[in-house]
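Chain lettering (A, B, C and D) follows the sequence in which the chains are written, and residue indices restart at 1 in each chain.
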């Protein structure tokens, strides 16, 4: 399946400001790109490209005053298969986890693991370990939290979500991630494209957030917001939580003036 | 100057539990060790040693039920010089910072950078950039926060410290780190040994926390708790905040039963 | 000046639910009413009317399932004068305050006085006491907090407002109230009608929140959101903060389906 | 049963400061006093005595610089009966509650009812209404929260207690009060003397906190900390939470230097 990916994001910049963008397809998926995946910046500015400690591809530049436009269009060859489901995937004891996964058991800005240990134990301590436990967590979050764009707040933490029971997609994932970590299951935040392939269209296209957990021998995608296997989830970045993988981070004042994202099937499919 | 380092930490373990210890001198300082720096575990258990993503040396093991003892004694050859002071060290604009320092501008568990931008700007926006700004931050924290062991709480964040104006050494550093990051100065949390060499003894020996900022071309040590250059600061670990570099992290229930730390000058000095 | 007052508020009620409405003009202002000020409930239900401990007129009833409509229209004879301004109004020392004002020095749900003592002291400790200090507080809040309906949250506290610097009118008042109390000036939350008489119209009509402080020998109205004397501020209720004086409180599930408020000048004026 | 009551509380006062003390037996219990219940202040200062809006007896005065001593000794004739238990006491629907109890359904400083509605519903929605529900709440808090003086913090809220699961007696009550209010059961905070009559002595004598709920036709005492009927609970003050009924409130800087409370049985009993 071919998926056309792209975005057009515009800012008003009052004074020169350094920015970092995480707007590329994740390095682990670049083999499926059929066209270049190149961040276009208008006006053109020098860009410093680097990988952060999580392995994401980052672009750093100084935005000049005035209108700034970040855009791109590329073509991705997707398997067309929904998210993998493996109910027998085993939960590893902490001592068997690969060392690089241990970071994803710790507390982070929006995932206050240290404040949720008893709460999570009370809710999920009796669920079957492994995949069923992660699924129980997603089911709980999905059915207890109400989605709404007006519930969005940049400072909203898992504790806020647990208490107020409202949020946008990142909030659902933060709460689920926190529960997983409390149960000693490594969980990390993921962002990327997620088109409406195979599902009724209900919302304007946006980037999406989901999360990954480490079971058996690999990371698996889960999504407490949608809570169903989806087709066409294309990873851009992973991190401890949304603080690590903002699509754009501005080290000074910027005003978002427009925002469009594209992720839709194109006519001719060619499995990657 | 020779400094004798060591610790004796004991836990009561009700059931087998995975633990991670960050109890070694930091890899960057191992050249100064005159004796092996080996974590002794009693009863003996298999240990998995690895470096985390921050470069710290970590020991992972499963503690069996009963009394667990972690201890060590080693000898460190220190320069005997106080913390470096360089008032002309330049603050780099974000676009010139080494990529690996950018992580230390972001929000983390105990450092809610996203909630402090206006507060920090109001307090330190008019201070001279670079070293004087970091010093102004340390001065503010040092003179506005009251130290006391009974103010310690494992969930205390920079916002709690800013509001309640009380804390232990980690709290002082969390608030100062947060302020630095808001001002676009990379700041990371540091833990290690800090004996009472050259200062009046006021408190029982403990591990200590301080922080490092990136100015000019390197990381520099600052300490908002003590707020004076100190001799014999021996690094064990750095991370985004205390969540990353707990001396021991238990993935289940443990009870700390005794705790002793040693960091004192030995007779014969031999500069490293 | 004659001011037409009224509202039409509708709810969808899934199951019978007890509600309390504070939708009358405040008892201290009823002498200026030229028409009955009677809450109309559709469908009609028995209403228990009482005064709460703050002296507000409250209506309690059980809403039946289905559509619930609360409406009213009345006519108020206003002085047509803007809020009183008295820069020489003296700040009373705590020992001279009337006992009934002391409650309004204490912390309440959305006004964490206990967490703001040092912050308020740092910001306003050097301002001249009395009226100028309250005005300095309003000026600070007015110029440091950004208004926006999408910043509204039912759980937002003064600390959230101070940190995030965003909010709706109630949030501005909560922060200003908290600062006043920290400076030992009694401050209470006020709600009521505030039309756009004498000001450019910028927003749809709503109930409004402001606050009152006790100086010299009486309560005075201040408004950190608008921060200018206004005509036609007609009090409905006062309390410690928004938790005490919600226009409607539902003790179970209700869904607000429409909301209209009127407060506009009528042709023939007759000073009260 | 005769109970000797008293206290000796001393402060160091750096500069004149207004204080309010709630250190008398509650007006509802004064008929049982066999000796005067008179706050003694050293050095002597003029005292303004008044009742606050909750009906508590308050003493306001200006403390001069130097050592301040507040003390008292009185004799109370107690029934000698443990707290009343009435498992059939009915939970009133909100529409039948006396108006003056409705305030105790609302959120307050340390009881964030607005943030606990879903949490409380999840934990107690299936418990039998009335007395069994309040008992279920006490049982939950009693068995899930760990007591320790070093867990005390003046800014700790019910949410903090729920998350961290630690606290002193006021924290236990704040969490239980919040749960009750979420279930539409009026609950208020109570402070007073509680000796160790009939129980093993484990802690130094202190004032105690408990809470009261309104069931059937009156207020009943519950105590989520001790969670058992006790003899000799002598009320001093009630309010929405600890913010309303601090034993002493200082409107400026004071340092507590010593603190002793007495509440013990005297030889000759004479039922009140």
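In this text, contacts are C-beta pairs under 8 Å (C-beta built on N, C-alpha and C of every residue); 3 or more make two chains touch, one makes a residue touch a chain.
Being a predicted model, the structure only gives us computed values, none of them experimental.
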Contact-richer chain pair [A-C vs B-C]: B-C
Centroid-based (C-alpha) most distant chain relative to chain C: B
Magnitude of the superposing rotation for chain A and chain B (Cα, nearest 5°): 180
Whole-Å separation of chain centres (CA-atom averages), chain A against chain B: 31
Between chain C and chain B, distance of the C-alpha-averaged centres to the nearest whole Å: 48
Rounded Å distance, chain A centre to chain C centre (Cα mean): 41
Multi-partner residues of chain C (each touching 2 or more other chains): 112, 115, 155, 163-164
Touch list for chain C against partner chain D, complex: 18, 20, 48, 50-53, 58, 60-62, 93-95, 99-100, 102-103, 105-109, 111-112, 114-115, 154-155, 184, 243-244, 249, 251-252
Sites on chain D touched by chain A in the complex: 112, 115-116, 118-119, 144, 159, 162-165
Complex interface listing, chain C residues touching chain A: 150, 153, 155, 160, 163-164
